[in-house]
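What follows are several structures.
Both complexes shown next keep chain A, but they swap its partner, so chain B is in the first and chain C is in the second.
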Partner chain A sequence: MNNLISLLSMGLAMSTPLILGTLGGLFTYKAGVLNIAIEGMMSASAFSSILITYYTRNVWFGILAGILITLVVGVVFSFFSVTLKGHNIITGLGINYAVASIAPFICLYLVGNRTSIIVTDLVVPSNIVVDVPLLRNIPILSDFLNKQTPLTYISIGCILITSIILYRTKFGVYTQVCGENQEAAEAIGINVNMVRYGAIAMSALMSAMAGINLSVENLGMYTDNMVSGRGFSCVAAIYCGKGRPVRCVAYAIIFGMTRALQIKLTTMFDAATASLCEMLPYLMIVIVMFVSSLGDYKKRNIRGFRNG
Partner chain B sequence: MQRLKRLIIGVVNILMPIVFALAVGAIFILISGKNPVSVYVFLIKQALFSEIGLLNTLVSATPIIMTGLGIAISFKSGLYNMGIEGQMYAGAFFAAYLGFTLSGLPSVIHISICILGGMLMGMLYSLVPAVLKAKFHVDEMVSTMMLNYVAIIFTKYLTNGPFYGFTGFPATVFINDAAKLPRFNPKVPFTPAFMIAIVLVLIFMVIYKKTKLGYEIEAMGKQVYFSDSVGIRVEKRIIVIFLIAGAVSGIAGATEVLGVHYRFISGFSANPGLGWDGMLVALLASNNPIGVVFAAILFGALKYGGTTLQTFMGVSNDTIGIIQAALILFLSVRYIKTDSVFALRLESLLTRLSGKGGAPKEEGANE
Partner chain C sequence: MKKLVCLLLAMIMVFSLCACGGTPSASKDKENAEPAGDAGSAAGAEPAEDAQAGDSEESSSSDNAQKVALICNVGGLGDKSFNDSGYAGLERAAKELGTEYTIVEPEDVSQGETYLRQFAEAGYGAVITLEYSHADYLKDMPDEYPDTVFVATDQEVENDKALSIIFDYHQSSYLAGYAAALIASGDYPIIEGRATHGDHTIGVICALESDGFHNFTEAYTQGAVAADPDVKVLYDWSVGFTDTQLSKQVAQNMIENENADVVFQVCGTAGLGIIQGCYEDNVYAIGVDSDQDYIQPGYVLTSVIKGVDVAVYEVCKRLKEGTLEGGVLALPLGNGTGITDMSTIAEYVTDQEVFEQFKAKIEEQRQAILNGDIQVVHGALGERFER
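Moving on to the complex of A and B:
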């Protein structure tokens, strides 16, 4: 029982960046430019927030810089895939690649080693957790829902905010129109490029929060390649949930829980088997994508690739 | 005239991203306090203007040619198969396994078995995302990327655990001498692997130009639903295309093991890996097999030159990564379209130069 509760608690913590990334990615998915660069955006914010914290000795500056720099990354991505009409999968991969090589370059040049920046003297991850007043009195729920980091609660709030923005505001509806039918959107006078820039900026903002959660809140340090495929987990969650916010988040939580399970399993086995467990989160994504597609597979009754 | 115009536009479209990317790289070299011109000159000298350097460049280019072909055939048919990396790991490990377990075979047979084994393993591993895509419509980009992680982690486990070679780092034992590809120059791992790559290029050219499959690939890349409607068995073709990509990546992995490392080293393809380089090369060559060879040699030069930059010029190897990333971004854009103002001006200029002055033929947007 204790194991289960600590698994749930850890799973929720591990899900936070995935939830944020997924919700952000939803905007771009709806706007018709699938954002593969979530991975790179998360790295950019994880890296720059810690780097600036290291230099200014102030966490808030770091967080602000993380968000701003990720927005800049978002603008670069928008410029190439919206303004210049590059293929967004290729530009997205390019952004990921760029961040993955610029970060160690700057790290080596400014900090002196290629792979990590440690600011645990300024950020003490265990002090960041929030003790929620009412929640702490509920017996079992409090064990895993209480004492999470602020962004975990923010991410849960973001589910509601995203749904409201997407379905109840002008920007959200425009976003969906641009994704569904670009010509129609242009015909009624929507500035498709602007809407897409906006959607990518939303995505960058949320990915930035995800990156800050990874580096600042959870570890107080940046290590090279710390995002390790989380951005792609978000893309997978969006595909599995078919762009519906709550469903997508449910898949993101499944993927987050799997990561927590993997860490739990690592402590139970010897080193060799434990390293095998590292496959679990990635394998799980493929399996979940497969299972979630089975529903549609059964519905198909006409021959041909298109009718699937 | 049209051909000349298209050639000029094609060359400009390829050269501009390279120039832009080198410019971005120059900015980062400046940041690290070095002179970009001398760094680039040094890089070119190292990589191309000495026998050892040139051979090393070709060695670096060899696997990239093959992975580039694998990605090119996928991109050409509109499939975002990013799994080349994982399939290469699968092929490389199995080739190494065959290399050190089998013994007493003549060299030629042993090498052939290893390469075939690697190829089959690459195909087998690509079958997973292929079936998922063709039958269940699982997005191939995410699934192949995840399977890359799985392959890298699994081979790391194998080299750390059951097949640990007692070398102090995760690698298997060395393969038997009979399985090693012969080196033409003892100092450089330049082996028949390069010829294998060239043969594969020729095979791909034949596939594209002379077979029904080539036509179907082209059609699927242009419009998959239309291809489906006119009766191309898209599901089967997806599986075939994945298998071909898996086969070349398996061979790429096998030749790396048999020719360069002589054993399977965990993470031998480095980060971000040969599969990524393959993607870049395919983009740079716009999926043309011959283009892939030249692009791969350019990348081989960058890659080999990059390793010498670190030691001789004190420029971080990440600079090469940055140049490559910039190259992807700039390559995603078509700078000059065949019907743009620049293209029309170019055409009238060419007409005037040739002195014929005939009205240019109408050309539709067949880009």
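Moving on to the complex of A and C:
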């Protein structure tokens, strides 16, 4: 039981950046832009928020700067992939590589080493956790849901916000139209480029929060390449969930939980078996993809014609 | 407009390249300001320029026979670990022996090979490489350039004419494990209220699974068992070198759910997350490669260090004395390798008497290893520790 609770608690913490990144990526997915720059956006905010915190000695300035700089990265990505109509994969990769190399460059010249900035004297992650009043009284739930970082709760709230924006606002509907049929959108006078800029900005905002969760909330430090492929897991989650917010988030949580499960299992086995456990998150992605597409495949066969 | 942007971008690229190479070499141009030290200023810049510098120096190759070149690994200077340590060794040699040197930071492995060749052609007396993957090139190169001694660190080159420097860090890992198990047994509460699980459990977190990492873990386990036969050692082999959040979660899982009192990090930059996790959960971490005690003072018990600086200094010294030749230079415990003297944590110790006993116990083990009374398993050679 204790093991299960600690697994859930750890899994939730590991899922937070994935949830945020996934929700952000949803906007671009709906707008018809394949955003693989989520990785780079997360890195940009993780890096800049800590860097500015290091200089201003104020966490809030750091967080603000992290969000603003990530938005700038988003605008750069939009400029190349929307205005100049560059291929999304190439521009996205460009953003990822650019951030990955600019960060150590700045780090080396401003801080004096290329791999890490530590501000644990200003940010103490263990003090950031939130003790939610109502939740703390519920016996089992409080054990893993209570005392998470603020952005974990915000990320759960974001699921609702994203659904509302996507399905209940003009911007959301326009976004979907742009993604589904660009010509139709243009025909009825929607400024497709502006809508896509907006969607990418939303994506950048959410990715910025994911990056801040990683560097500021969890560690109080930035280390080189600390995002380590989470952005790509987000892209995978979006495609597994076929662009529906709750389903996508469910996949993001599955990925986070499997990572946590792997951590728990590794300590229990010898080195060889533990190496096998390392496959778990990736294996999970394959299995989940298989199962989710199997359902659709069957549906099609029963009705006897393609309806998807 | 377009032309202007192109021009601007081109200029930015050119200047950033200059800036990249310029600064690290500027600092050591002080030491070799004379014209023969040209390679120093060209070192960080374009390889093509460097080739020219090499050519022009061929005529004066005899002047270079007393010079040392250091090729960093891809991590580059500023890693607070391997490369910086090598640089420190060169600076010490320059100060004490008057050694002239050149230091370069290759951007990738193949560029490093170019440097190896260029320095040899320029007639450098010793070319030290910190890059692990250069061992292959070094198989043949010493035969082509008999006047230059190539030095490889942390690996054995299959050529007698090259000097291979081996750090016996399994011995220091043994001491780290011994210290960790003493703390985890609960008998040595050196800082009141810290690491109080008393559950005889310690952990070690590696970036991945390979013989190189077994070199740490097997000896660590052996040391721990020697100190406390009931000890339980937790392993993790999955965190990689960069994922700080993951490594912190792994460490906190060991501490909070498995009651580990000490966690040994062997995973480069990701290890910073482990040290942070130990700090938050109020237990001890053990650092690796260089002295990491200062990262969270009072929470890092000690660090397992590789004395690259000692090795580099030794090479410079031998070069000056004219005794530098190929073979294997093993740096045993106490000479370059070891654990830190715990002077950082000493300032936070609440029970001096226990701390002295604690240090004495470790010193006892150190002597036993030096005398050969204790044979430490050598994981890098494929040996495994059995309880």
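Quick notes
The rule is simple: the second predicted complex is superposed on the first by the 276 of 308 C-alpha atoms of A that agree within 3 Å, B and C clash if a C-alpha of one lies under 4 Å from a C-alpha of the other, contacts with A are read in each partner's own complex, and residues count from 1 in each chain.
Definition applied: a contact is a pair of C-beta atoms (placed from the backbone, for glycine too) under 8 Å apart; a residue touches a chain by one contact, two chains touch by 3 or more.
Fair warning: this is a prediction, and the values are worked out from it, not measured in the lab.
Once the two complexes are laid over each other on the shared chain, residue contacts for A:Thr267 go to chain C alone; chain B is not touched.
Using the contact criterion defined above for the overlaid structures, shared-chain residue A:Ala100 touches chain B, although it does not reach chain C. Contacts of A:Asn225 after superposition on the shared chain: both chain B and chain C are touched. Legend: residue contacts after superposition of the two complexes on their common chain; A:Lys30 is shown touching neither chain B nor chain C. Once the two complexes are laid over each other on the shared chain, residue contacts for A:Arg259 go to chain C alone; chain B is not touched. When the two structures are aligned on the shared chain, A:Phe290 is found in touch with chain B, with no touch to chain C. In the superposition on chain A, contact is made by A:Leu276 with chain B only, not with chain C. Contacts of A:Arg196 after superposition on the shared chain: neither chain B nor chain C is touched. Once the two complexes are overlaid on the shared chain, A:Thr91 sits against chain B while remaining clear of chain C. Applying the stated touch rule to the two superposed structures, the overlap between the chain B and chain C interfaces on chain A comprises residues 105, 108, 114, 225, 228, 271, 275, 278.
Of all the residues in chain A, the ones that touch chain C in their complex are 2-3, 6, 10, 13-14, 17, 105, 108, 112-116, 118, 120, 124-126, 214, 218-221, 223-226, 228, 259-260, 262-264, 266-267, 270-271, 274-275, 277-278. On the side of chain C, the complex with chain A involves touching residues 16, 75-76, 78-80, 203, 209, 214, 234-238, 240, 242-246, 248-250, 252-254, 256-258, 269-270, 272-273, 276, 279-280, 295-296. Residue ranges on chain A touching chain B, taken from their complex, read 36, 76, 80-81, 84-87, 89-91, 93-95, 97-98, 100-102, 104-105, 108-109, 114, 225, 228-229, 232, 235-236, 239, 271-272, 275-276, 278-279, 282-283, 285-286, 289-290, 293-294, 296-297, 304-306, 308.
The residues of chain B lying in touch with chain A in their complex are 28, 31-32, 80, 82, 128, 132, 134-139, 141-143, 145-147, 149-150, 153-154, 156-157, 160-161, 224-225, 228-229, 234-235, 238, 271-272, 276, 279, 283, 316, 318-322, 324-326, 328-329, 331-334.
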